Amino acid sequence: MSLLAVQFAPFPQITREALPLLPKTLVEWLLAGFGAPEWLVLIAGFLVAAATVVGVFAGGFALLSLVERKTLARAQNRIGPNRAGWFGILQPVADGIKMLTKEDIVPAKAEKLLHLLAPIMIVVPSILALGVIPYGREWIPVPLELGLLFFFAVGAMTEVSIFMAGWASGSKFPMLGAMRAISQMVSYELPLMICALGVVMVSGTLSLPDIVDKQGGFHLGFIPAWNLFTPWGLVAGLLFYVCSIAEANRCPFDLPEGESEIVAGHMTEYSGFKYALFFMGEYLGLFAISGLGITLFLGGWQAPLPGLDFVPSWIWFFAKLCAVIFSFLWIRATFPRVRIDQLMRFAWLCMIPMALLTLPAAAIWHFTGRGFLSWVVTVPLLLIPWVIITVIYNKRLAPTLRTYHFAE
Amino acid sequence: MVETLTPHLPNLLWWVPLLPLIAGGIIAFLPDARGRIASKLASGALFVSCLIALAALACSLTPKEVEAFAPLTWFTFGDVALKVGLLLDPLSASMAAMVTFVALWIFIYSTGYMADEKRFGRFFGFLSLFCGAMLMVVLSNSLLLLFMAWELVGLASYLLIGFYFEKPSAAAAAQKAFITTRVGDMAFFLGMIWLYSQTGTLLFYDGGNGLLESGALASLAGTATIGGLSVSAAAGLLLLVGAMGKSGQVPLHTWLPDAMEGPTPVSALIHAATMVAAGVFMVARTHPIFANGGGLTVPLTACAWVGGITALYAALVAMAQTDFKRILAYSTVSQLGFMMVALGTDGVAAGMLHLICHAFFKALLFLSAGSVIHGCHGEQDIRKMGGLSKPMRRTFIAYAIGMMALSGFPFLFSGFWSKEGILHSAQTWAGGYGPFLLAASAALLTAFYMTRQALLVFFGEPRKPGVHHPHESPSVMLVPLYVLAAGAVLLSLIATPIWPWFEKWIDGESAVFDSGALSHGLGLIALSLGIVTVGVGASWMIYRKPSENSNAPDPLAGKLGPLWHFLERAMGFDALYEKAIIGPLAFFAGGVDMLERMLFVPLMGMAEGLIKGFGRLTGATDESGINRGFNSLCSELKNRAASASRSQSGRPQAYLRSIGLGMSVLLILYFWLSAR
Amino acid sequence: MTPLAMLLTLSSLMFTLGLLAVLTRRNAILVLVGIELMLNAANINFIGFWRYGPSDPALTGPMFVLFSIAIAAAEAAVGLAIILMVFRHTRSTDLNKLDSLHG
Amino acid sequence: MIPLLILTPLILLAALGAVWKARPVHAALLLALTLALNAILYLVLSADFIGLIQFMVYVGAVAVLIVFSLLITRPGDEAEEIARRPRSLVTGLACSLPVLAVMLFIVSRFENAGQAVADARSVSIEQLGTTLFTTHAPAVMAVGVLLTAVMIGAALFAREPGKKTQTPSDS
């Protein structure tokens, strides 16, 4: 009875910006209304916020699996899945049901506990990472002061979980796949962080919302003040983009679970729901890393053109996200897989030096007044080494025409 | 020619003694096989030095004051510099010329005489060494240099007497000669040191402050020594003893007859002409010291008496000798006695004259003796010879000239005049007639034994049946005989009182031709004529018909009986010395040896035992105590170390455990202490 | 029992466990695990004292921890590199076998 | 205080597992767990930056490194490990227990040191940055040099001797 007697506070006014926070405010409002204790309301609010994020990106995952297959097909001049529902829209549901109903095989020699734990450990960091990215002016699930650091710290867990997955399944292939995956991720994490460092240095804070705020405003009226449109930002952005592909183990760098090589890499011994979890982990990781890329270089939820204030900020974030994801898919459709030694050499002898270069470039850019003059100074500083490194030093990495030896 | 030479004299004169010495040095390095070269080298060197000596003689003919050449400083010790140098005055010039001339002909003679000798080179090496030393004695301006050369001469005589060192008698004779002369030399050395300490210099003539100049002589005369003798007198006596040793005067004469063991040319050169004359020359050279203090000084009287006694003694002994060369040896001793008498009685010039003449005819006699022995194939006993005048005619003639000169045949021979001069100075001596009488009787006996020798050797029938036809010596041996014979005769020219050139030259005045001089010395000449005729006559009477067999007793032996045998044994001097000196010495040596054996040997034995015992003791302690202890200590240490090293197991965790323990113990200790 | 005491006991226990691991483990890599534990124990101390000790404007605690983390990482890297090299050389990481430096 | 009470036993258990576990990989993973819990402890103690750094460095890098080297050397001697355990444990304990005793004795001195309830104290990035780069600038540079040296050294050590990094395209 006492429930009804509770006095409801007036429903807070929902603005367009705060639309994604609707469920959170709704639940808080209800609990408060029902006289729940303060900490309960707080926790419930957090939980609901988290739920919304997970829900959004789980939906995104499902959509992405379909869209990826569609775009790949279109790129290869075929139609892609269109049976399951109108234009194949229900294909993810079908995959999901397939995954759930598949028998969950656990190899005899596997470490039972670790085998189970591995997939979970892969999804958790991605979700944590998603929690810290600012999606909209209002919609920041966890506004951490050390947001970026948190993102990378959590990112570090993925290597351990991949190792667990590979080692726990007991057999040789997963082990080898895990080792290759780990070496690849460790190698590419370094340039990733160094590029992010550039942004941190320029914007002066580690908290992601502040970084996005700093990217507001427009140069010369129509060019948005995103980090991408600065000399060092361009280079750092591109490097960040390439590293994020490698981090997500996608296409040119999808060596670990390359179908034609080591079966499915560290995921060979998994089937059923665990396998699905792996995929979910991968895609969520993709969302997280591209989200970070957007916040650092593409101005997060900042509008591309002036005068578009009426559009809520999170719309811009998701638009950019779709664009970036599409570019991933596009790359996956076009580029051949890279060999492991080329991959490693590219990371250590090409990416890291350039990433290190962006730091002084950013410093010089900052201290020469960030204007036209700084452009003139920093561009050669970056261009010349880039030419030296790619053209002269790593000539062997350039793709060469394949020569076919036909049996005489 | 004289003027051109005098400026070069100082360094030319040095070559006179140096050339033979250098020749001797070179010969010493030549192997014996190259003997021929040695003789040519030695005679060549001597020939050159003889030329220089004659040239020097020519320079010193014109009488002028004594010319001492610049002395060289031999070596300096502290601020004192010892100087040596050469001297050219009539005395040294005449002696140098005589020595080189006689030695040269003896060299030539000995190339023939020693031809078949195995060690030919070595002989000539010693000879040239001797000549060099003798010339150094003669020409030296410093008593030290003289003494040094004197010793060298003694060495040379030792080497030459002991030339046939295989013969034990020769070796013993050489040793005897050397030791007896050493006794004399010791006295000479003491005298020299004494003179040096008094005057501070040893140079004879040194521009005013030399030894023989007035300044030094005055200082010597002044200081009196023990027994009231002045220093110069005492030193003079010592020098006299040195001269007696070298010239074979009575107490120290025993070595000279035995020196005949050496080859005959050696006897001729050394024991007739030169070396024995060294003593006489030294006395003549240092005469001012002897005569220091004026009048009848002690050394001079001693010299005279010693000379007289020696002359008579040697003449007596010579009568009873049967060995050809021993007779000549004793005659040399007596002639030296004559010279000493001359020097003792202020007849320095007469003494020197007799010395030079004696050198010529005594060398002649010895060389002829050599050729006789050579002819008789080494036979030396006159009793086994006889009638050699026919087979060895030329040797006989030379011998005869020498014999007549020695025994003083009148007028023609130098011996007569020089002996007459000595008798004259002995007669006019202030110190009494003693020496005169001794000298006269000695002269008589000289004539006697020389004719005895001549008769026994050259006249009568050859007594030795085995000696088949003795052959005459080759001309290389005869030519020197003729030259020396000529010398013995020609010297009389400068010796006669008519034209006493030599005496005046020695005394520094110029000689005056005075035909009347003979008239006022007639008594003495008559006396000496008488002496000679008596001596020869008596000898002729006794030895006219020598008995046929060679071992018949000597006719004189029958008459004198025991006295003859006494004389034959040289008055028993050897036996005397044997008993008087060698006996006690041997006894003393025996006693010391016994002392040694009785006292020292056991002592040493004890000491040895002690040391060996101590050694054994330390060895034992070392072995048992230290070694074993040390080894056990080492092995203990090693085991302990081994166990300790095991803790260093190499396992890091073991180390960490110990670190942990250590740390906790330390901390506990720290807190426990701080809590207290 | 103040939180600081709690933290200190935690760190000493952790240090001891690390020490035990270092002393007992035969595998070189697991010794490294022990060493990491000991280092973390030290870090806990630093943060504990910084947090509950007297206020410290100079932030020595955190500074120390930062440097210690950096150096621990470096040490782990070098240690493992060496262990790998030794492994390649002797085909074993068993510490008891690597005792050639014995006395 | 409560989170502390929860975390401490967890950390100790994980650490004990890391030390005790026979299988090396399990031990390594448990180490990763202890390090993660440690990071969480730092976060609880409101040393955020250090916690995240700890998490990133230790869990991300060191644990992976250790696990990686375990993969390479593949130690398989768990059986022998167990067989030998009692003896080595005894010696190990004998050495480490006194150390523990000493430490606990010292800790007992601090029984009531420090505030019971901590005041709100946190370190901001700016504070950390300024102190790090002003007072400890040389230290930071030294650590920089050290890390580069280590990187090069480790690369050199781990390289197969003699074999140049061959890439197929070089043939």
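Order of writing sets the chain letters: A, B, C and D. Residues in each chain are counted from 1.
By definition in this document, a residue touches a chain if its C-beta (ideal position, glycine included) is under 8 Å from a C-beta of that chain, and two chains touch if they have at least 3 such contacts.
As the structure is a computational prediction, the values presented were derived from the model and not from experiment.
Student: So if I look at the partners of chain A and the partners of chain C, which chains show up in both lists?
Tutor: D
Student: Have a look at A-D versus B-D and report the one with more C-beta pairs in contact.
Tutor: A-D
Student: Return the chain label for which the distance between chain Cα mean and whole-protein Cα mean is smallest.
Tutor: Taking the mean of C-alpha atoms per chain, the most central one is C.
Student: Quick one: report the Å distance separating chain B from chain D, using the average Cα coordinate of each chain.
Tutor: Roughly 115 Å, centre to centre.
Student: How many Å are there between the centre of chain A and the centre of chain D, using C-alpha atoms for each centre?
Tutor: Here the centre of chain D sits 29 Å away from the centre of chain A.
Student: Starting from the mean Cα coordinates of chain B and chain C, work out the distance between those two points in Å.
Tutor: A distance of 110 Å separates the two centres.
Student: If you average the Cα atoms of chain A and of chain B to get two centres, how far apart are those centres in Å?
Tutor: 134
Student: Hunt down the residues of chain C that sit against at least two other chains at once, touch-wise.
Tutor: 19, 23-24
Student: Chain B: which residues touch two or more other chains?
Tutor: In chain B, the residues touching two or more other chains are 656-657, 660.
Student: Using the touch definition from the top, which residues of chain A touch two or more other chains?
Tutor: Answer for chain A, listing residues that touch two or more other chains: there are none.
Student: Going by the touch rule stated at the top, which chains touch which?
Tutor: The set of touching chain pairs is A-D, B-C, B-D, C-D.
Student: With touch defined as at the start, can you tell me which chain B residues reach chain C in the complex?
Tutor: That would be residues 644-653, 656-657, 660 of chain B.
Student: Of all residues in chain A, which touch chain D in the complex?
Tutor: Per the touch definition, chain A meets chain D at residues 114, 145-146, 149-150, 152-157, 159-160, 163-164, 167, 175, 179, 182, 186, 189, 205-206, 339, 341-342, 345, 396, 400.
Student: What part of chain C is in contact with chain B in the complex they form?
Tutor: Counting only chain C, the residues touching chain B are 19, 22-24, 31, 95-96, 98-103.
Student: Looking at the complex, which residues from chain C come into contact with chain D?
Tutor: 1-10, 12-21, 23-27, 29-30, 32-34, 36-37, 40, 43-44, 47-48, 50-53, 55, 58-59, 62-63, 65-67, 69-74, 76-78, 80-85, 87-88, 93-94
Student: Can you list the chain B residues touching chain D in their complex?
Tutor: 656-658, 660-661, 663-665, 667-668, 671
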